[in-house]
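Below is a structure I'd like to ask you about.
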Amino acid sequence: MNPASHLWVIPALPLLAAALGALTPRGGRRLAAGAAIAAMAGALIASCFALHAALAAPAAHLTCNFEWFRLGGGAVRLGWLLDPLNGLMCVMVSLVSLLIFIFSLGYMDEDENFTRFFCFLALFAAAMLGVVVSNSLLLLFVSWELVGLSSYLLIGFWFHKPSAAAAAKKAFIVTRIGDLGFFIGLVWLYDSTGSLLLYDGGRGILEAHALAGLAAPALAGGLAASTAIGLLIFCGAAGKSGQFPLHVWLPDAMEGPTPVSALIHAATMVAAGVFLMARVFPLMAADQALASAPLHALTVVAGIGAVTALMGAAIAVAQDDLKKVLAFSTVSQLGYMMLAVGVGSWVAAIFHLLTHAFFKALLFLGAGSVIHATHHEQDIRRLGGLGGRMRVTFATFAVGMMALAGVPFVFSGFWSKESILHAAMEWEVSRLPLWAGLAGVVLTAYYMTRLTFEVFAGRPRSHAAEQARESPAVITVPLLVLAAGAILLGFLGTPAWPWLQSQLTGAAVPSGPLIESPVLTAVSVILVALGLGAGWYLYGRRPRSDAGAADPVAAAFPAVFAFLAARMKLDELYALTVGRLSSALSWLADFLDRRVWDGAIRLLARLGELAGLMNGEADRDGLNAGFDAVSEGFRRAGRAYSRAQSGDAQGYLRALAVGFVVLVVLVLMGCSR
Amino acid sequence: MNALQLCLAFSSLLFAVGLAGALARSNAIIVLLGLELMLNAANINFIAFWRFSPSSAPATGVIFVLFSIAVAAAEAAVGMALVIAIYRHQKTIRLPDATDLKG
Amino acid sequence: MSPLPLLSLVIFAPWIGAALIACLPRLGAGACRAIALAFSLSTLALSAVILGCYERGAAGYQLVEMHGWIGALAVHYHLGLDGLSLVLVLLTGLIAPGALLASWRQPGSPRLFSLLFLLLQGAALGVFLALDFFHWFIFWELSLIPAYFLIRLWGGPGAGRAAYQFVIYTLGGSAFLLLGFVAIFAATGTLDFVELARMGADGSLAARLAALGGFWPKAVFAGVLLGFAVKVPLFPFHTWLPPAYAEAPTSVSMFLTAVMSKMGVYGFLRLLWPLFPAPLHAASPFLIWLALGGAVLGAFAAMRQSDIKRMIAYSSINHLSYCLLAIFAVSAASGRAAPAGDAAAAALGGTLLQMFNHGLSAGALFFCAGILEARAGGRRGLGDFGGVRTAAPVLAGLCGIAMFSSLGLPGLNGFVGEFLIFRGVWGLVPWAAATACLGLFATALFLLTFWQRVFHGPRAGAAAGPFADVGPLDLAVLVPLVALMFLLGVLPQLLTGLFNPLVASWAAHLSLP
Amino acid sequence: MSAALAIVALATLGSAAAAMLGRSLLRSIFMLAVSWAGVAAFYMWAGAQFVAFAQVLIYLGAISMVALFAVLLTRQSRDEASPPPAALRRAILAVVAAAGVAAVLLWAVAHSPLAVSGSLAPATSVRQLGFDLMGRHAAALLVVGVLLTIALLGAVVLAADGAQERPGDEP
């Protein structure tokens, strides 16, 4: 029995819940939420079974392909795929989703569109699981776009807020730009291989036969088709995963409810791009064999990843909104993952993806707990002193913060980040990703310390913060579970016991010493300590006294801080370039339509009228605007001619008759002469 | 004068009558009907030439007349519609009053 | 041959209904509407019967009816149905009753409206089923007259002008079409599509036209092309479309965009391409630019519209340009040493799917725009609304699904057709596919802007006061359409199965004479 | 034979003249119908039965009816009589012009060498006519069909209510 043939159950369960939620009237809160949570629990159990089956044979790619529809002589085929990568992602996604669904019960309790919220959440989970389990790039793309749709719906969940509506649109449009690249890559790939199945018993696009064909230097400049296709697919991944320069939507997406930020914009959806890169890694790496190619796809990925990692971390330093800090931190961490893929270690990327999913979901839910307790106060300058009031939240948030900062040995973030840095160090092409990664480490530790001290230390700086009380169990229990995950998950992939690595690659990875390269580890530990120390020195030593006080860094370097706080002005840059360009294009199209094409037709008509004028058919309406200038001369001439026109039809007829007679007589006289 | 010339004379006279009517009367309907008479006169010519033509095999004259009648029908329909339109605008169908197209 | 003349029944059933309404002058408004709806639904019912006896594996014409008619002109009463016609008949059957329901509460004489509408429906069906130019052209022209009056008499403030423009423009186009076919008749002595397609395939049509004079083959091709280009419309012959669609009453806009715009594409596939493979091949590099112009500039022009219906009209131009792009790309590639059969099959299959899908989504969008217009007392600017989703969540949901279907969201019907078109065009003319992606981007941009301004934000404009959600009548139209969007998005084989043999045979015979 | 022609011609001309002169519109139309019937009789005389049939059908059947409708629909028109001097002037000018045309035409007819062949009417069966129409003249037939359609459309448009004519341009 092929376990992959039952894989469709995993996305189908939440999809059913979503359909149920969509048809439930507003009052059916229990039904919608219950169905969604039950479906997620079912999906989690099914995922565990799937993972179990996948781990039984880690090297085998279990597939179940089927025909979607016939077209011409061929057919479009789709399929499901099961291997350890899928299995782990399934479990992670469904577990995090389940926890966040439960969290949402408490967080969204007062919202009047509660049922709709669970419907969208379930739709998202279904689509995300669809991305994970599909064995066809087409099916993956379908789910991919549905993920985008549910993200759109959830960011704009409070659609009556104009900012939320705008953020939702921005997210959809920006990711769509990337997706169009993905789409073209997909179409290109389909055209050159005739299939979109990843694994198909030797005929799939990730298998040797197809890759050999794609990796030939077919394009101008000795580029391989696989390089171009890989980069186009990377466009999609970059859009979804908030990579520079398509990251601009992610901070705005924080307009959505906090569980949404945690689930979609921290743990799962944004990681889908990294997952995609890992999934099609053989394709991305196909051009590595081509030594003469001027550009390798993975080099670009590594470069973009490094830039994103550094840029995200730098911007996060200067944000004042609790969720925006976390959002830019997500951007930065996603950059790390892409960097890992780019330097060839997709295993490290997935390792970091899994640990990041837990600790970032934890951080967001912790932030959600704070926001819930303070009645939607998100400005860190107006919070403060919550450590004593919300002990569970504080403790779990601190765990997440330390995992993210990479505090050594205990927390999962340390291990996954070390493996990325290690991979970057071993990359032969360039050292820049490593330097960027190390610079990111110190910034990460610094801004997370700043955030924690601003929110939890000192004394309350607003009424809302004074009133804050610990959140109910439905919120804190998921926090505790995630905190446990944020600590324990790291031990799955330590160099001493590389269980995760062996499973993902399907080949036994020999266990080595706990610390692979002591120098690198020492450097990164020192950097973490430096970041933590700097954060404590600036924000922890003397906590901010009131909300209006200036940030110590802003006081020292106002220009730099303002530039970073304005997100490096990238949004403005986009408004000036892409926005201007598209509105100019639309103006041009509209102008062509109204003036040129329509004008050409009218000109034809007017020419007819002019001919009429010359013949005396004076048109009372004259000529319309737009042609006045040209036609004024004709009009005058016509007016002169039209003196003869009395408007008396019978007069014309009479003139005709007389003219005829006169003409005949004249002709006859001419003949007879 | 042979028979063909008689026919042609007949048509000429009919044409002249139609023309006189179209010129003399001020009622648009009568004017239009005068035009119809002139068309009829032209048709008579076709038939006459066809009837007395040296090579009588092709029925061109007849066919031409058929088309001409069709066109006349179209013309009459549009003409009468015009009359009604003018009437609606001006409350009269006197042609001497319908001089909006005056230059 | 089928014992029952099914196809004639399909065409003439709406006309029988129209005659019935015309003959019963004392009919009340409700009875008129009921009769019209019943006869309009007949198409759907009959196409269900046709589906029953339709041979899915065959590529040729089925249920053929052929009777001698005008011997001297070699005109036969020749009807036939293949996958292409069947898809369009189904679409007509779906949209026409919906459009009638959309007019249910419309002021003005329901008697005349129903009568004209049924005439229009029958004429459109005739165009899709006739296989002889003689009556095909009669149907083609007859469809204009009721459309004209429907726009003129029930349209908005600018309807008179828009209707004139519509009729004059399309009549002008079809005059060239007619002249072209007169020349074809003079050259070949037949007007039968099947016969002419055979001649077109083996090149004898071009040879005979050339025998009339060297300039004729090109002139005839240009004339026929112009006739269809105006009807679809192909950029830049599209300027009649936005005012006509915008000023027409909702029901007529639905029918115009869903069915009548398909008549032009149908003409391209049924006549222009089979009859003139070589001239079309020669012209297609240029025509591809025009189709791209429609796809990209149409979408960008839509972005600038402030009138919702004009915006949807421009999106129609954009969507139909994809169909034309696919046809031209296939034509450009035909005759190559290695004909890309798979890509051509994808492009053509995508075209047929896109025709049907565009009918569904644009029809539904126009219907939603009509609801908004009715609620707002005739206003339909983007700025006249705000926060409608708060006031009318069900309408917002249904309209949103139609919108996402229109912008090609996977999982809904629009995606499959667009994917296949792009996949095919990429295989044939890659740069065109890449350029056309700009249109996809702009479509998303303007549709989401529309959605944001009308449905999101605080309640404003017409939605500030009491604003009713959809009623049962609206649901009766929208729910089937939306259900089909989901169904065809997941199971496109329901549709592709009908025309796949046809597409396969097209793709297999791409050689030039 | 010429006598028959003369009678038909006189009747036709006479009724046509009466129609053009008559005061009453209704009587004019009636006289015109008579005149058209005379033309039909002429066609019969010339052996073109089918044309005669068409003449009766279209002129007597259709055009006279259309004219009648037009008369009835425009009943409220102000009195036909123009101020006498103007009407008189127009009438005189009309007669002069018509007489001139008639004179020219008659002179041309009388002085042209018109040969007459065969006193027998050429035999044209309706069947043959049909073949001709659908065969050699098919294109013209199509064009005329379109013309009629458009004329019909135009007539309806013109006669339709013009109240909503020329609204403002689109925004």
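Going in written order, the chains are labelled A, B, C and D, and every chain counts its residues from 1.
Definition applied: a residue touches a chain if its C-beta (ideal position, glycine included) is under 8 Å from a C-beta of that chain, and two chains touch if they have at least 3 such contacts.
Being a predicted model, the structure only gives us computed values, none of them experimental.
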Fill in the blank from the handout: Comparing each chain's Cα average against the average over all protein Cα atoms, the nearest is chain C
Handout entry: Centre distance in Å when chain C and chain D are each reduced to the mean of their C-alpha atoms
Key = 44
Exercise for the section: Calculate how many whole Å lie between the centre of chain A and the centre of chain B, each centre taken as the average of the chain's C-alpha atoms. Expected result: 77
Problem - For chain A paired with chain C, centre-to-centre distance based on mean C-alpha positions, whole Å - result: 35
Exercise for the section: Please set out, as single numbers or ranges, the residues of chain A touching at least two other chains. Expected result: 650, 654, 657
Fill in the blank from the handout: Among all residues of chain C, those touching at least two other chains are none
Exercise for the section: For chain D, jot down the residues that touch at least 2 other chains. Expected result: 90, 93-94, 97-98, 101, 133
Problem - Which pairs of chains touch, using the document's own definition - result: A-B, A-C, A-D, B-D, C-D
Handout entry: Sites on chain A touched by chain B in the complex
Key = 616-618, 620, 638-639, 641-650, 653-654, 657
Completion exercise
Residue positions on chain C within touch of chain D in the complex are 70-73, 141, 145, 148, 157-162, 171, 175, 178, 182, 185-186, 243, 246-247, 306-307
Handout entry: Sites on chain D touched by chain C in the complex
Key = 130-131, 133-135, 138-139, 142-143, 146, 149-150, 153, 164-171
Practice task
Give every residue of chain D touching chain B within the complex, in rising order.
Solution key: 1-2, 5-6, 9, 12-13, 16-17, 19-21, 25, 28-29, 32, 35-36, 39, 42-43, 46-48, 50-51, 54-55, 58-59, 62-63, 66-67, 69-71, 73-74, 76-78, 80, 82, 86-87, 90-91, 93-95, 97-99, 101-102, 105-106, 109-110, 112, 114-119, 121-124, 128-129, 132-133, 137, 140, 144, 147-148, 151-152, 154-159, 162
Problem - For the chain C and chain A complex, residues of the former touching the latter - result: 169, 236-239, 242, 296-305, 341-346, 349, 387, 389-390, 397, 404, 409-411, 415, 419-420, 422-423, 426-427, 430, 433-434, 437, 440-442, 444-446, 448-449, 451-452, 455-459, 491-493, 496-497, 500, 503-504, 507-508
